[in-house]
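Heads up: the structure comes next, in structure tokens.
Chains: A, B, C and D, in written order; residue numbering restarts at 1 for each.
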Amino acid sequence: MSGNSIGTLFTVTTFGESHGPALGCIVDGCPPGLALSEADIQPELDRRRPGQSRHTTQRRESDRVTILSGVFDGVTTGTPIGMLVHNEDQRSRDYDKIKKLFRPGHADYTYEQKYGRRDYRGGGRASARETVMRVAAGAVARKCLEEKAGIRIQGWLRQLGPIELDCPDLEAVYQNPFFCAEPARLPELEAYMDALRKEGDSIGARINLMAAGMPVGLGEPVFDRLEADIGKAMLSIGAVKAVEFGAGFAAVAQKGTEHRDEITPKGFRSNSAGGTLGGISSGQDLLVSIGLKPTSSIRLPAATIDTEGQAAEIATTGRHDPCVGLRATPIAEAMLAIVVMDHWLRQRAQNADSRSATPVVPASIPGE
Amino acid sequence: MSGNSIGTLFTVTTFGESHGPALGCIVDGCPPGLALSEADIQPELDRRRPGQSRHTTQRRESDRVTILSGVFDGVTTGTPIGMLVHNEDQRSRDYDKIKKLFRPGHADYTYEQKYGRRDYRGGGRASARETVMRVAAGAVARKCLEEKAGIRIQGWLRQLGPIELDCPDLEAVYQNPFFCAEPARLPELEAYMDALRKEGDSIGARINLMAAGMPVGLGEPVFDRLEADIGKAMLSIGAVKAVEFGAGFAAVAQKGTEHRDEITPKGFRSNSAGGTLGGISSGQDLLVSIGLKPTSSIRLPAATIDTEGQAAEIATTGRHDPCVGLRATPIAEAMLAIVVMDHWLRQRAQNADSRSATPVVPASIPGE
Amino acid sequence: MSGNSIGTLFTVTTFGESHGPALGCIVDGCPPGLALSEADIQPELDRRRPGQSRHTTQRRESDRVTILSGVFDGVTTGTPIGMLVHNEDQRSRDYDKIKKLFRPGHADYTYEQKYGRRDYRGGGRASARETVMRVAAGAVARKCLEEKAGIRIQGWLRQLGPIELDCPDLEAVYQNPFFCAEPARLPELEAYMDALRKEGDSIGARINLMAAGMPVGLGEPVFDRLEADIGKAMLSIGAVKAVEFGAGFAAVAQKGTEHRDEITPKGFRSNSAGGTLGGISSGQDLLVSIGLKPTSSIRLPAATIDTEGQAAEIATTGRHDPCVGLRATPIAEAMLAIVVMDHWLRQRAQNADSRSATPVVPASIPGE
Amino acid sequence: MSGNSIGTLFTVTTFGESHGPALGCIVDGCPPGLALSEADIQPELDRRRPGQSRHTTQRRESDRVTILSGVFDGVTTGTPIGMLVHNEDQRSRDYDKIKKLFRPGHADYTYEQKYGRRDYRGGGRASARETVMRVAAGAVARKCLEEKAGIRIQGWLRQLGPIELDCPDLEAVYQNPFFCAEPARLPELEAYMDALRKEGDSIGARINLMAAGMPVGLGEPVFDRLEADIGKAMLSIGAVKAVEFGAGFAAVAQKGTEHRDEITPKGFRSNSAGGTLGGISSGQDLLVSIGLKPTSSIRLPAATIDTEGQAAEIATTGRHDPCVGLRATPIAEAMLAIVVMDHWLRQRAQNADSRSATPVVPASIPGE
């Protein structure tokens, strides 16, 4: 394929450009018997929707999703689920000025060279709007995982530029536009973003993710390890430049005695591995962290070239997120849900009748 | 599939366990007309071979590769290339003592739970020996990339535990068992490893990788971005817990003005992106960095459980690398080569007749 | 996947049920630079559209296709092409009577058992309406094949029940609702269908297909031979129960001296093989023939069971084609185009720079 | 991929040429816990082995298979199963005379044009020896199907040139080199083959196949219908030019009242469909029939061209089967087993927890 599908058994294929008439996706392989309606998907789309605070792009999209197939009498039938979201607020004239310029840090130049042409309106397929259908598909995966497998996916903002954040209150994530789990720090984040916007610059972010309630056994050695497939899914999100699991890069300076997660009948003593052993889920929480680069479209001018290859200067004045990471949490959650769902089906396919004599170890020792 | 294949058009499928009779792979989709013999592959296998210094496992394997198909009159024919390496030094009795114990940090427990059984001899399929065939397949990709596309792959040791290293001399990488590009620091590395071995502990490492001579245009939006597929390939290697591209996690604290790589007719002014824009190669060097955890098999005892779920203690006395990262360089190079090769073919399939009117920008400004 | 995608590089994924709001598809991997609009696709949809003669179902659908992505300034961009057709004339109440009955010869019973439920309205996903998006996707493939490769796809009615037909005039196929290439026989076909409709019964049909202008070299040994992939595509069409290439089943009683297609510098002397040798196109015309079963939904009552497993009788009174084969020609052409397009891209990927010293043999000897 | 793999979850990848050192395969996705050794596979290889009667090629190969991975303590572990068969009797000098000639009906010409070169020794990858590993992989699928699902695969010779055969005694198939289920006709077959060999010509054949004990529910609409995937697998076998299911091409002239298989609580009244409804197994026996062309390599001379494109004459004097169909039965059985196994896993993945309230209908009415 040309890369617009993901998943072996729970397969998501998407289409759509920033300024085309609509975005859509097909979710193939969803188990039948899952109660599903637009009401299950819309809240997830609303979480990533632009224009909800002054810190994100002011493009106004209602992002109303329609389910076109795969559901009958309110329940999935096992056939592919087609979904559609219409674009509404396409101010394509904003983009006339970049028709002949390549924005640094954007896909403009590489699309032009790869395909010999490009849809320059709002980045075309390379726009962050492409992620709308990831979230819609992820909502299906998420509901299925929760109801059929008891697996819960949750992400939160771990770092905004220089500001590192803790995670004392996961519920708070749903109550602020930063997806911040440390609500006391919200004024600090607000102030930082206000200053940044005034400055005309942008900033990176780090998002942490967790899948709790994981069964042991998901993930396929060798090439389709759970980390490998999750890592791919994360790195397929526009601005993501790094991904790590558990201790991640910190493991480089760790000794074996420090890193290894000792096992006891009452549970694992630690989770440096981030929830996998040998590429297979251990039953511990999956712990993933991703790093997002700062938005490339900023008001401050930069050197670039035009479509004839001549030197030029560019300053972006369209509607853009000064921190793409601020809206990345529901997108990354969706990708995590899609991959875990796929591996849940894959595990069942090969090993539905396999049973070990060894009892399953709890995720962690209570009280530790 | 169950995860033992990678690649859409240049497809590598592997088999084999640490203590089985042999390891093998099938490389499907290699273009015809490439001069190829065992002599092209053996040097890469020798680079990752154990027992070449006192710092790696003392298992003695000659790792002689045999090409069984796909080559005629010294040239690839376009049919699948089967390759085989026999295991020789399988001291399986070493493993009797772990038959009923799960080594922390290893795949023992998860294989047992996933499949209801496991080949406990040397980790079975989860052994580092599994990477032999990755290197063999990677050698084919590498030769093809160099000869047909002018792309060169190179990795080096960036960090050994607390010791960070520079890269002043890429040629030196081939002349020391650490794959270290800063040869003046070799005594320091030797001393660190000697102390570690005495201590009975293990340590993590960081490897950097580069693909030079990249054409613009490789990588498939949306889900099969070049970073996504490379990231997956890296995270599919046993001990890898983190991967980043270009500025990587450092981009989290960067501003847009700092991160974005300005474009001039003479070249890109920087390479924070690590060689891609929008998931597509920009023609700049691909820059990848991976973090490997410390070896889990160490002499110092740890808490674990046995196959009945009872508490136990384990100390590994088999032959193991105290730093798996030390031999990871050729393995990671192989994975990078396989992914880039695959995308080189994919790009040609869809876009062989696409041409842009815009001239290609040099990778970097000479002298900067 | 769960089977709603086809193709490795030119990938078509479809969704939609007979009585849902819409049918849709995503065409991924289409080369950029192809002039494309709805006007290129609509004529193919119109060819398969129901209600165009009294011999096909009287369901009234305008089948207006909308392109939602992948095209900019009238030209494909290389990104996925999303297309949509709304259902209009869904008389779902017609189906209340079969809500609790399984129609013999239909997918009702197997969907129920496979998924534990089914969308009984008009067969749901198992309806012939599912083929709408095959035709839309096929129109893209067809245009690309004609313009980029000079390959032309053509099908015609070879047999209607007992009536065997010749193919003296391929142009005529476009001028009658039977896709008959022997226009003098049209009154005979009309009379047969009128009698059949009066009788309340249905009948099978045979369609022949040809791809002319084939280059030599398409098809991938071993499992993805050109015949294998075409055969799969044909057998994926609802009522198709048989497929053959060239001499087909007649080859069973042929001797080698009769069957083998001798080669001369001026061309092949015959085409028993149907255009392939060793699963690879020989440059001769691809010759495919498919057999379609009679429509299962007929007025004459049949024994069946109800959803409780009790004996029942059923007579279908909805709007149905008495010969599904009558509308199968554009569908089969579409599938042929999709497969050939996929293999044209696959061939280019691996072998774009391979050249043989042997001159290409003409498809056939002129005048023979 | 380049076509040397088949299957989504039960994936078989093969390599090897007629005159290379060995043939091999990797079976990925086999469920763990299956007792497996070479003794389970060798009998199937022996069934297809050449040189067992005077009617097949006199090439002498012992075809001893070795399992190299995936089995531990006599039981599959869930990891990929590598298997190898060495070539022994490669009289490559026999092929010097065809080095510069293209055999009509063979893949010589198309391989040369596709890849720009070819391994001319015995047809290289296009040799019937390629099927050895299909049979080895099929033996694993077959054992797994029998033990885990109660599905039994059986094929037999339905027609040898002009001689049509019945199937009164399936056990007899294992007791004669023709795979003939009507042992009384064996002298007739022997006489036909003796005359044919004297004549220097070759002949086609038809093989019928059955899968009994099928559960309802296997097969994935739309593109991966059970017939579609089986049809592809059959047409991927060298000489197969046609495939049909149930009534097959005879359905073209059938009326709906005749073709449709009525359903009663005691069973289906007929099996015109050949065991599927809507691409999904109905629980009835799968009925498949394939047509094989006559061997192209015969003693009687034919017109051809040489590698420079000049007219030439060729007469094949190597060791060849005068009827490739005679050894095709175990090969076709293997392919059927591989596809059914794959779909058995796919069905379990998506629908393991789906249950219909409708009771399952028996395959057929007892006594009818």
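By definition in this document, a contact is a pair of C-beta atoms (placed from the backbone, for glycine too) under 8 Å apart; a residue touches a chain by one contact, two chains touch by 3 or more.
Just so it is clear, the model here is predicted, and its values are computed rather than measured.
With A-B and A-D as the two chain pairs, more C-beta contacts join A-B. Comparing the CA-atom centres of all chains against that of chain D, the greatest distance is found for A.
Centroids built from CA atoms put chain C at 38 Å from chain A. Our note on geometry: chain A versus chain B, Cα centroid distance of 26 Å, whole angstroms.
One finds 45 Å separating the Cα centroids of chain A and chain D. Of all residues in chain A, those touching 2 or more other chains are 1-5, 8-9, 14, 29, 32-33, 78-79, 114-117, 125, 221, 346, 350-351, 354, listed in ascending order. Considering their complex, residues 1-6, 8, 14, 102, 104-117, 125-126, 130, 159, 161-162, 201-206, 216-217, 219-225, 227-236, 238, 240-265, 269, 272-274, 276-283, 291-298, 300, 302-305, 307-311, 322, 325, 346-347, 350-351, 354-361 of chain D touch chain C. Within the complex formed with chain B, the chain D residues making contact are 1-5, 7-9, 11, 13-17, 20-24, 26, 28-29, 32-33, 66, 68-70, 72, 75, 77-82, 84, 114-119, 121, 124-125.
Those residues of chain C whose C-beta lies close enough to touch chain B in the complex are 8-9, 29-33, 78-79, 148, 221, 345-346, 348-354.
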